[in-house]
Structures are given as structure tokens and as C-alpha cells.
Amino acid sequence: MTQKKKNWQERLHEIIYEADTKAGKRFDVILLWLILFSIALVMLESVKELDAKYHTFFNVSEWIITILFTIEYIARIISVKEPSKYIFSFYGIIDLLSTIPKYISIIFGGAHALVALRALRLLRVFRILKLVRFIGESEKLAKALKASRHKILVFILAVFIICLIIGTFMYLIEGDESGFTSIPKSVYWAIVTLTTVGYGDIAPQTALGQMLASVVMILGYGIIAIPTGIVTAEFTKQTGQKIDINTQSCPNCTIGYHKDNAKYCYSCGSSLEK
Amino acid sequence: MTQKKKNWQERLHEIIYEADTKAGKRFDVILLWLILFSIALVMLESVKELDAKYHTFFNVSEWIITILFTIEYIARIISVKEPSKYIFSFYGIIDLLSTIPKYISIIFGGAHALVALRALRLLRVFRILKLVRFIGESEKLAKALKASRHKILVFILAVFIICLIIGTFMYLIEGDESGFTSIPKSVYWAIVTLTTVGYGDIAPQTALGQMLASVVMILGYGIIAIPTGIVTAEFTKQTGQKIDINTQSCPNCTIGYHKDNAKYCYSCGSSLEK
Amino acid sequence: MTQKKKNWQERLHEIIYEADTKAGKRFDVILLWLILFSIALVMLESVKELDAKYHTFFNVSEWIITILFTIEYIARIISVKEPSKYIFSFYGIIDLLSTIPKYISIIFGGAHALVALRALRLLRVFRILKLVRFIGESEKLAKALKASRHKILVFILAVFIICLIIGTFMYLIEGDESGFTSIPKSVYWAIVTLTTVGYGDIAPQTALGQMLASVVMILGYGIIAIPTGIVTAEFTKQTGQKIDINTQSCPNCTIGYHKDNAKYCYSCGSSLEK
Amino acid sequence: MTQKKKNWQERLHEIIYEADTKAGKRFDVILLWLILFSIALVMLESVKELDAKYHTFFNVSEWIITILFTIEYIARIISVKEPSKYIFSFYGIIDLLSTIPKYISIIFGGAHALVALRALRLLRVFRILKLVRFIGESEKLAKALKASRHKILVFILAVFIICLIIGTFMYLIEGDESGFTSIPKSVYWAIVTLTTVGYGDIAPQTALGQMLASVVMILGYGIIAIPTGIVTAEFTKQTGQKIDINTQSCPNCTIGYHKDNAKYCYSCGSSLEK
């Protein structure tokens, strides 16, 4: 009987985690549509006019989806060999977070809105569609971002300190009338301006304030070049490497990454040609 | 007679589709001005004050242009060998779409506004002016964009998911008073903010909301580097490859990376030509 | 006497057009301050409260500056050999445009505001300061922009056509209540949104309008990568060239732009070394 | 006794300026938290509602921090050999500026707000955390910015002149009703628009004004490519140079462009080492 149970577990694992079999593919497609439907539901539900009209429909649909997600979550746990590995994985936590808010909402009404967290489940789309090429691309992207994360952190810290200082000065220059009622609000304005968002809910009114604001804007307009420069240089390096360097490996020492026109291995000096 | 008709068809084809003959050039120039005039017309017509004053002039001009476009459309169909090929081509569909709304407007008044679709005809400008160099440039551009479309899609999907999640949080944090009345509206706000557009029609009012908004802005300010990095790396690769150095190797010493106009090997001095 | 006059003319030319002599340097510095003062004047004059208070001072100063600029203009004409060459040069036209409005304002009061055109005189700053390095840099910049002008034109045309089409759709979707009262206004909104400026004076109110607006914003956020990619690729190429290619010229055929490690001229095959 | 005093001074120097000893590390961590706390304090203090409630707490905390910073400042002076070198160093001036406003505020109440200048002390974070890698990255960044500072200055000057001219034109086109009440205000608007900030507090109302504004926006959207291009090209050069290829030439065939870790010439196979 253990044998039989194991078989059943393995079959479930194949359906849920893999997409090679017909059943596995069907499961993935259904799950994908379910996720999209559940997100659409939570968004429409938040529109008051629609909620007033179709409240019962929304509520019932929510419960159906929550139960289906619960079943999926349990199935995922019982079909893996090490359940704890799934539970504490990135996707495991997202799956849990997108399922429990509805249950919590029985006790705390406000928690219901948290169902929107299931938007995170969209990330599973990449997995489901087995978009190898897409993943490949995004991994390259992630690699470039990772390589430049120190520079970007330095940049963000610098931006934040600039906003802090400018915000303070604006608080001193502009009075309460223009909306600069406190330093945190002025810092908020500085961020809004430096990032070129520019809501306009707070805007300088005095001549001096507008001069400082102009400096902030030109600064913001200019320093956007820095993160762009960082990431682009990283990308260019990664993209450029391919042209010069090939993946041919030396028949003698198996070292790779030779220049395209190399005839001898740069590491051991033996010929690269047969 | 078939012979004669064929000649007539061929002559028409030459005038409409080519620009080598004098008549062909004249046709292209007239068509270009007609397109520009028709677009100006539809724009001015939408200005209520002008429409009230010159309604008859606008209406008559519209009909004249529509009839001229209809004649051109029919002429294009009868002068090609395979009419269906033109009809279902990109330009064929645009030509149809920019002609029929006026006819439909006889029955449905509202459809009239769709004449603005003829703005798409502007794309023909490229064809008419036979801007070979321009087309060449835009083809390079299109190639670079095509090569990076997977990365860009991953990026847009990620941006959209970020906006979804942030929008939901803002909906929970900010009340109805600030304009965050529903999740779709909050997501709309998140997009407005992340893309640094910043209308200001919806803006956070609470301290927590403004803090989250600041994070979104700095995020948006930073991640604009990603599409730029992707496209630039692609461009740099394409621009760099072609122009300077080729992969031709010296017949004497087999060294490569010669300048495109090199006649002698820069390493051993022997001729690169056979 | 002709000899004497020529000398006087030549001396004047040296003072005005060159900066090698002490008098020439002093003239340049005075002119620079005069330009800056004149621009400050015209700006402050436009502030109503200041104009009400110091109208006489502003008016007198304006006349003094105008007369000084007139003297300079005449001096420039008489001190060059071919006056017409100066008059129709870029700087000649700017000098004229920044001098005459005050005279015209005697007859037409409104023309007075045009004195602000003298802001263009600031461009002379580059000349005056003899910022060789700066000019060198800006010439490199201009070269890169010139090389990519076809691509940029294609891009701007495409952006404009996109704005035209989107503007039309928004005009059809949103009613007059949101501010989309005519197609030109809707196109204006599309430009405001696509370029991520986002004034907020016109903003979509309907759900469909906000969805389309979101698409426009993400589009605008993404396609900013294109001009950046174009210019950066051009810059990288120009900056990169220096590393690979030097300005050494072949002793045999005088051709330049050899690779840094070239031993033989790529054009004539003779040795580059002595 | 001089010996003893010297020892005491040296020990203090070690604690304050270095982070090798246990006491030194502890000092740095405490200082870091003190700086963060002092900045949080000054920000919260500026929020009127909080200040009304907790005024005494804020005032007392401020005085405690000011006294601690004063002690630190004095300790830094007496523990270095050349106090003047520290006092007039970048960090020395910041330390002073972030300490004295509270003392001045006894006499001038308004000066109190200047305590916010201590945000600058955050820069010390880099020092304290001994983030060698971070500093390394930011030095590379600073180097790239330094190398391109001439180009950027030319760019900013050009942007400012463009804004001056456009601002003047808008002042002439738009009347007082739209908010373009003076040339400085119009120039401010031009900067707000060109940098794609777009507050919307001043926005063109006439058709001609909106057309000019559209041109400014597209211009601003396009020329952001220039600083980005400049910085990116500089980054690419710096990042690219170091990592892949060096200019070492083969002692046998003199060919260059070897990989940094190459031991044999890729062209002739002879050893690259002596």
C-alpha cells in the first residue's frame, strides 16, 4: 500500500510541478487562468459601484477561488518529498499569502483587502509558461543588476541625502502657505521633484524657492544619467563579451572563453586547431 | 484590346507605386499634401468654435478628400496584379480605414470622428519620400528593438506586477479622501507615479502613503535605466560591429580585426587583397 | 592716411575679435558682464512689482545697454574686412536681434519684450572665455548628434504620429468634462503624457481612458530608451575609437587613424616605425 | 607626563578615527545610530502636531545630542596632530555646521531649523561602515563624472539658455491669466517642462502656447539622451577597459589586445611572460 501511495504522490508531483505530461500542461493552463481571474476579481470588487451590485457574486467567487487555492496549496505540500522546502520557498510563501487573507477576513473584516497580495502569484506565470528564453533573458538582466547593485545603492543613498538637505532648505525658504508645512513633507516634495514626477500638490511660490526648485529639477534631469550609465555599461559588457569571446574550449587544458580569432590557447599555449 | 488594357494598367501602376517617372513623382507629392491637408482638416474640425463657423467648408472638404482617397484606393486595387495582396497589406488596411469612416458616418453620426485614423497614412510619408537612408536607419532601430523584445516584455510585465502590488497597498493605506477609491484607480496612480508622469489628480495625503510614494518614485527613477540599458547595449553592439573593424584575416599571418578600408595587414604589412 | 586708417581698423579688430592682447581681454570681460547684466535687467523688468518701482532705472539702463551694444555692433562691422560676412553670420544676426528691439519699441510698444532675445548672446560666452576644451567637447557632442540625426528624426516623427493617434482615441473615449474638448487638445495631452511631463490640467476620468493613459505612460517610459540608445551608441563609438585608433600619420602616404598597435600602414603597407 | 598624555591622545585617535580595535568599532556604531537618531529627531520636530505634543522631549533630546556632538567635535580636534587640518577638512566643516545651530538658536530662534544640516553627517556613514567596496564603486562613479564634467557643463548651460529663450517666448505668447506673469516665472515653467517634471501650477492655455509647450516637451524628452549618453560612454569605457583586454604586446610577434589573464599569445603561441 505504501508503494501505491507513493505512486499516487509521484503522479501528483508530475502534474503539479512538471509540464511534460498532458495532465501537467492542463493543470498549468487552468492554474494560470485561475490566477488571472482571481486578480481581476479582487480589482473589480474594490470598485464600490460594482461591489454594491454584484456583492454576492464576488463573495461566492472569492470563496471558490480561495478553496481551490487551498486545495492546490495542500496538494503541493503533500506531493513534494520535503514539504518544508516548498513552504519556506519564495513561491511557497506567496501561495500562502494569497490564500489565507480570505480566511482571516472571517474574523477581521479589514484583512479581506489583503487578498490583493495574490497579484504576486502572477510571477508564477513565468514558471507555468516554461518561457525558457524569457527566463534566460531575465536572468541576464538580473545578473547585470546584481553586478551593479553596489553602485546603485551608493546612488540611491546619495539621492536620498540630497533630497533630505534640499527638503530642509525648502522648508526654511518657503512658508506654510505653499504646502511645505514640515521637513518630512519638504523632503517628500524634493523626491517628487528630483525624480521628475512633479505632482504639483506642493509647489514653491516664492522666487527663491522656485530658483532652488529649478536647480533640483536640472539636477534630477541630469543625474538620471547615472543609474542608466551604470546599468548600460554592465549590459554592454555582458552583451559585448559574446562578440569577442567564444565558448570554444581548449582541447588540452579545457579552458574556455577564447578570443574569436585565437589560434593558441591563452592559458597553456597549445594549438586550438585540430 | 487586352494588350491595350494591360498597358494602361501598367502605366497606372508606375504612377502610383513608383517614383521614377515625372508623373509618378507628381502623384506622390500631391498625395503627400492631400494626406497632410486631410489630417489638419480633421483636427481643426474637432475644435468646436471652428466647426461652428466653418462647418459647411469642413464637410465639403471632407467629402472631396474622401472621394479622392476612394479613387486612389480603387486605382491601387486595379493597378496591382494581385489585388488581395494589397488589400490585406499593412498599407492597404490603413488606406481602407482612413477612407470608409466618412461613408459610415452617413448612417452613424459618431463614426465620423474615426476619420482621424487617417493619421496612420502619415506612415506612407516614408514611402513617398523614398527616404532610403531614413528607412535604413529605422530598420536598424527596429532590428535592435526586435532583438531586445524578450527582455523588454519581461520588464513591462515586472513593471505591471509592481504597480499592481503597490496600487493595492496604497488602496489599503490611503482612504477614499485622497482619491484612492478603488484598486484599479490605485494601480492607475502607481503607473502614473512609477513612470514619473505625475499628474497630481490623485496624490497621497497620509505620511505613510507619502513614504510609500517616495519609494515608488525612486524606484521608477531608477528602473528607467533598465529598458535604456537593454536598448543601448543592443544598439552599441549593432553600431559597433559594422562600422570599424571586420573579421577578415590576413592571408599571410591570419591576424584579424582589420579596419574596413585596410589594404595591408597592420601586423605584418603584407597585402590583404588577392 | 589709408595706412593710418588701416592700422586703426586692425587694432580695433584685434581688441574685439581676439583675446591675445591686454586690451582684447579687457574688452571680452566687459562684454561678458554687459551681456549678463542686460539679461538680468530684462528679466527683472518683466516682474510687474519691480517694474512699477524702478521703471525709470530699468528704462535708462536699457537705453544705455542698447547704445553700448549698437556701438559694439557698428565697431564689429567696420573692423572686419568683409562686413557682410559678419552681418550674415550666426553671431552677427544674434547681435542685431538683441539690439534693435529697443529701437523698434519707440514705435511699437509691444516689441520691447523682444529684447529678451539677447539671451542668445550668452552663446558668445563660449567664444569670449576661449574655452577651447569646452568647445572641443561640445563639438564632439554636436558630431555625435549629427551622426544620429536621421534616427532621431525618424523617432520624433514616430512619436508625433503615436501622439496623434492616441490623442484621437482619447478624444473619442473621454468626453468634454475631462478637458478633452478637441483633437488638438487631446494630442497635446498625449504629448504631455508620453513625454512623462504630466501637468495634470487635463487627465482622463473614465476607466477606459485611464487604461489607455496607462498604456501611453508605460510606452513613454519605455521608448525614452530609444533616443538614449541612439545617442549613447554614437557616443560610445566616438569615445571608444580613441582607444583603438590613434592620430599618428603614415610617413609614406600621410594617412592617419591607425590602430594603436599597427606597425604597417593599412593603406600603403610601408612601415610606421622609423 | 607628556609621554602619558601622548598615549592618551593616541588612544583617543585610535578609537575615533580607526575601526580596528573593539572600542573603535563600538564608537563608530554608536556614532552612526546617534546621527540617524538626530536626523529623525529634527524631521519629526518640524511636524507641528508632534512638536506641540512632545516639545519638551524634542528640546531636551536636541540638547543632549548637541552636547554629545560637541564633545565628539572637541575630541576629534584634540586627538589629531594638526587640528587645523581636520577643522578645515570636508568632514570637519560638516561636523561644525551640524553642531552650532542649536547654540545659535539661543540667540536667534530661527537658526534652530538649520540643525537639519546634520543630514550631511550621513555621508560619514560610508566612512564608519568602512565600505571599501562601496567607496571603490563610488570612486569609479566620481571618476566617470569628473571625466565628463566639461560636456555636462556645456549641456547644462545649453539647457539653461534654451529655457531662457523659450520662457521669454511663452511670456510673450501667453498672458497673465495662465500664470506666465513675468519672464523669470516663464523660465521657471520652461525648466519645469523641459526636465519633464510638469507640476501643472503654470500651464499654457492658448493653442499657440500649447504648441510651443509640445515642442519643449519633445525636446526635453529627447535631450535627456545627451547626459545619459555622455555618462554611459564614460562608464562603458572605464568598465570595458579594465576587465577584458590589455595593451600588453607579445614579445615574439608584438600582437596586442591580450586577455588580462593570458599567459600565451593567442596569435603565435609563444609565452607572454619573461
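Worth a mention:
When the chains are written out, they are named A, B, C and D in that same order, and each has its own residue count from 1.
Everything that follows uses one rule, which is that a contact is a pair of C-beta atoms (placed from the backbone, for glycine too) under 8 Å apart; a residue touches a chain by one contact, two chains touch by 3 or more.
The model shown is predicted, which means the values in this text are computed figures rather than measured ones.
Remark: among chain pairs A-C and B-C, B-C carries the greater number of C-beta contacts. Of all chains, the one whose CA centroid is most distant from that of chain C is A. Interface matching across B-D, A-B or A-C places the copy of A-D, with more than half of contact pairs shared by residue number, at A-B. Work out the mean CA point of chain B and of chain C, and you get 28 Å between them. Note: centroid distance chain A to chain C, computed from Cα atoms, is 41 Å. Across the assembly, chain D contributes 155, 184, 187, 196-200, 220, 224, 228, 230, 232, 234, 236, 240, 254-255, 257, 267 as residues in contact with two or more other chains. Partner chain B is touched in their complex by these residues of chain D: 196-200, 228, 232, 236, 253-255, 257, 267.
Within the complex, the chain D residues that touch chain C are 150-151, 153-155, 157-158, 161, 164-165, 168, 171-172, 181-184, 187, 193, 196-200, 203, 207, 210-211, 213-214, 217-218, 220-222, 224-226, 228-230, 232-234, 236-237, 240-241, 247, 249, 254-257.
Listed in rising order, the residues of chain B touching chain C in the complex are 39, 42-44, 46-48, 113-114, 116-117, 119-120, 122-123, 125, 133-134, 137-138, 140-141, 144-145, 152, 155-156, 159-160, 184-185, 187-188, 191-192, 194-201, 220, 224, 227-228, 230-232, 234-236, 238-240, 243-245, 257-259, 261-271.
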